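One chain, chain A, links the two complexes that follow: it is found with chain B in the first and with chain C in the second.
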Partner chain A sequence: MFKAKIRSEVLKEVIDVIATQVDEVKFTITTSGINAKAVDPAHVAMVDITLDKGAFEEFKAKDTEMGINIEKLREVVKLTKSGETIAMELDEDHNRLVLSLGNITRNMSLVDTAGMSDPKIPGLNLAAKVTLELDELRKGLRAAEPVADHIALIADENNFELRADGDTDFSSLTLVKDQLVELSCKEKQRSLFSLDYFLNMIKAVSSAQNITLEFGNDFPVSMDFTFADSKGKVSFLLAPRIEND
Partner chain B sequence: MCIACKGSRNLCQKGYCELLGRVRKHMSSKTLDTKEVFGSSPPSVFVGRYGYPKVSIGPMLPPERIFKAERLDDPREWWGLGIEEVVGIRGSLLRSKVEQKVSSASTPDRHLAACQELSLSSKAVDTEVLFQKKPRINFLSFDNFTAPVAPGLDMEKMRLTQNPSVPRKVDAVTSDTDVLAADGLWELYDGNVDLTQMQRLMSAGLLGEGRKRLLVPTRWSITAVDDVLGKKLMEKVRYLPQLGEVLLYRGDYAGNYFWILLVPRAWSFGMTETWMKGSFWSGDASTDTNPSRTEHTQVGAGSTQANRNSNPLDNPNPPGNSTSTISPGNPNPSVTSNSPNYSNPSDGFFTTLSDSEGFAGRTGYADRVTGAYYAARLGVLEHLIGLKRQATALIYREITHEYWLPLGVWVIRETVRKALEGRPERFDTLNSAMSRVTAHATNKKGVFHSEFVRSILSQRTLDDF
Partner chain C sequence: MGVNLSALVDFTPISLSHLSGKIIAIDAFNTLYQFLSSIRQADGTPLSNSSGKITSHVSGLFYRSVNLLQEGIKPVFVFDGLPHPLKTLTIQKRREIRNRAMEEWEKAVKEGDMERARSKAAQSSRLTPEMVEEAKVLLELLGIPHLDAPGEGEGQASVMAAAGEAWAVGSQDFDSLLFGAPRLVRNLSLSGRRKLPRRNEYVSVTPEILELEVVLERLELTREQMIDMALLIGIDFNSGIKGIGPKTAVKLMRKHGSLEAVMQEKEVNIPKFQEIRDLFLKPVTIPARSLEWGAVDAKGCMDYLHEQFDFGTSRLESTMSKLAKLKSSRSQKSLDQWF
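Let's look at the complex of A and B:
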């Protein structure tokens, strides 16, 4: 059983975030909220998103699952304005989700979840932790975009740097500890990432103010942020690039 | 220079035309003593691209009835033949033409109706053509897309003197005026209709929704068919389980050397080509500095037995290809963008080009590798469907001086298909497979030319942690 009401901008962010990885997703629904985990087809990136029941206007549920085609859900959300409310009810007998928005009712058939296994989340111990303003990160990525197709994240005790080394050009976003919300890193850490993948994920974030990056030498980076008054949590994970000699 | 001369003005001051001498040996070059020609069309209908949306269309046929005429328009029959032999086969076909608006496909006059009827046939059809003048063959045009064709000769009228043999599937799809061209092609593919026939049907304006049907220049229809079928196969491949190991296939034909790597990852595709100095498009045939290729085994009959020391065409633009910016491997380096390896005169390489696409496929045209990209992609996708696996495919192609005349995009499609029929070498890691490729390739840097290849080599997956 699942019956809820949600503000359209919250649902939109959920959709944007999941759409960075997959077209179809399985939501795991419990009495305390909903969760989805999705890994992109190349197994390079994944997302783990949780929406606490407090993020909903109304929320009633028992443990269940539902498979959703993300683009279909996006079409429905597009019919609404920010601030409007969308009502959702799972119709298990007919295997569909019934959405109501204003005077519109939309029945959406569900995707079979039998073949959708939960992606395995690697257990990682990442040595650097940096929290910064999302706008700063965006600016650094924008500066890197014309320079190279990959970026390096570098942190030590006092600094965080996002740099791009191209064949001829170079760009760097450097922030000292005071300019960061949080920096914890004992030894210098450096890892390289595909700028395409990175941008694709960051572009999906709309409402968060701060973002926390955790990474380690030639290890993946996790990017965590909250939205919907901290009732929604997102964790992206991106595998590194490793330069061959 | 050669295109300006066409063998008649002695612009090269050699006193004779090397190219024509070479080509004429293999084809009847005499003027026929009648305007009326009767012969077995393979069947073949050629649609030119000049003057679009007003194009020339007409049947191609040898000036006599011959046994198994089908092979005159079937690339699968040519694979393995020497370049001269292919030219000889194509040179036996006379090309007739009338001018038609491309939009006339759904309201054909009697000329066009006859061309369309001919296109429907899967077997050779006895055809009669009355030319305006006594036909004479004196040159073929070559490009990277279409098989060599003779210049078009204006025809007065044509008539099929035999009923075309129309496969039921072809009849059903072409008479359905509600089905989109792409879906129609897919139905034909599913019904095992030959690729060449699909191209012919598309060219002759026999596919698509009724009134929207258009004649499509042969050159464009070839790549359109490769692209449409590739896209459809991709939809299936994306749902297949991933390959378990790295596979390397090799193949070569007529101076085209292929290395095809299948890597255990989600579907994506990249192709890189190195054009060597002395290959047709390099425009630098006189200084043949190509390293020997003794490390290669000849899979096909190839043309290597003829040791060429010079390319007969000083002007790399073949007739019928002028300086269009979409011409593949155009020797002007400003057109072949992204070619950092451009012409260090001593190293024997002319240029390296790459195109690629990710899991979701591409939207724009692969404008560096062009038609060869789509032909090769189709071959790979067919193979993956056969394996019931998905993979990332990397193709590296080297084109040597042995490929002294471009024969058409079928060379790529058929060589890729043949290579994939062979037994692959198996590797545990991509790195070891790549070192095998670089060990054999002449332009070792070219193997790593594309960002696509570099990123696959360096990008880790989450499964690695």
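Let's look at the complex of A and C:
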């Protein structure tokens, strides 16, 4: 059983975040909220998103799951404005999700979840932890975009740097400890990532103010942020590129 | 060729850049056939040089390989060794089809039916030992490793992928899944469009991936049962049971669990089924060897393609310059190694 009401902009962010990885997703629903985990087809990146029941305007559920086509859901959300409410009810007998917004009712057939495996979350021990304003990160990525197709995340005890080394050009965003919300890193850490993947994920974030990056030496990076008054949590994971492998 | 599961499973589109840094074991015969049958002129004549030597296979192999290298993909081409005795009948049938197609092609050209001519010409494609040698010379000039399987190339490629020596198998066939490859990538093509067989229409094609685990979950079968299912439908090594297609076969396997049980229920017999099963479960392969991607011999490549196959120098130069721009290899890791 699943019956809920949600604000349009919250659902939109959920959709944007999941769409960075997959077209179809399985939501696991419990009495305390909903969760989805999805890995992109090349297994380079993944997302783990949780929405507490407090992120909903109304929420009633028993343990269940539902398979959703993300693009179909996006079409429905596009019919609404920010601040409007969308009502959802899982109709398990007919294997569909019934959405109501204003005077519109939309029955959406569910996707078969049989072929959707539950991705495991790797247990990582990452030595550098950096929390910064999302706008700063966006600026650094924008600066890197024309320069190279990859970026390096570098941290030491006092600095965080996001740098792109191209064939001829170079770009760097450097922030000292005081300019960061948080920096914890004992020894210098450096990993390289695909700029395409990185941008794709960051572009999906709309409402968060800060983002926490955790990385190591040639390790995946995790990018964590909250939305919907901290009732929604997202953790992205991106595998590194290794130089001269 | 091979078993056709397209009625039962869906591929997931994947962009070439997602495959960057990954090793793909490519079924070489399957790929060269693809070039020979598709790279043809409107009336079905394959591309050839001034002395009439066919160049479709080298043209396809060259441009496709450059495309893959540009994306940072590491291809390894696996060639077929000796065909299994059980395949004799299939090979004989293919030869008959080819000879018949050759006659019908000539007839269609005379009658001016170009659509039919092209289709018949494609069916008459023949991969000669000489073409295979030419392909190997080109791969060496491109610094791309290749190896000769003792048996089926697809079997060797699949075993390499299952052992983690390659990330996926590249082939248009489903058989690599029967051989146990964890991932199958098809349409590693460069043109972005492919002609529909026997129709004067093109469809846009993009690389697609199929994962063994997902397929088995969707079919609700084990790999062993999927092999049994393929035997019921019919593959290169047997002709299957008349009237049983993919959908019926999967239902029968789910219900009865094994080929033996299905054969008893349906009162049919598939000769040598255990031998065919073992072909997939224990394919003849050679042990792993370290694969190396060498530097591209740009001058050697250009000379070879220009002198032997009359490739135009200006197009060759522009293609080679793309390769020269390749940066030092940065390889994209997958998350799998941290699970």
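Methods note: the second predicted complex is superposed on the first by the 244 of 245 C-alpha atoms of A that agree within 3 Å, B and C clash if a C-alpha of one lies under 4 Å from a C-alpha of the other, contacts with A are read in each partner's own complex, and residues count from 1 in each chain.
FYI, a contact is a pair of C-beta atoms (placed from the backbone, for glycine too) under 8 Å apart; a residue touches a chain by one contact, two chains touch by 3 or more.
Nothing here was measured: the structure is a model prediction, and the numbers come from that model.
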For A:237 in the superposed arrangement: first (chain B), second (chain C), both or neither? both
Greater chain A contact set [chain C / chain B]: C
Quick check on the superposed pair: does A:114 touch chain B, chain C, both, or neither? Answer first, second, both or neither. second
Per the contact definition in the header, classify A:44: touching chain B only (first), chain C only (second), both, or neither. both
In the superposed arrangement, does A:59 touch chain B (first), chain C (second), both or neither? neither
Touching both chain C and chain B, counted on chain A across the two superposed complexes: 39, 41-46, 122, 124, 150, 192, 194, 219-220, 237, 239-244
Chain A partner, complex, touching residues on chain B are 238, 265-268, 358-359, 431, 451, 455, 457-465
Flag every residue of chain A that touches chain C in the complex, lowest number first. 39-46, 114-115, 117, 120, 122, 124, 150, 167, 192, 194, 196, 219-220, 237, 239-245
Residue set of chain C touching chain A in the complex reads 12-14, 17-22, 209, 213-214, 217-218, 220, 327-336, 338-339
Seen from chain A, its contact residues with chain B in the complex are 39, 41-46, 122, 124, 149-150, 192, 194, 219-220, 237, 239-244
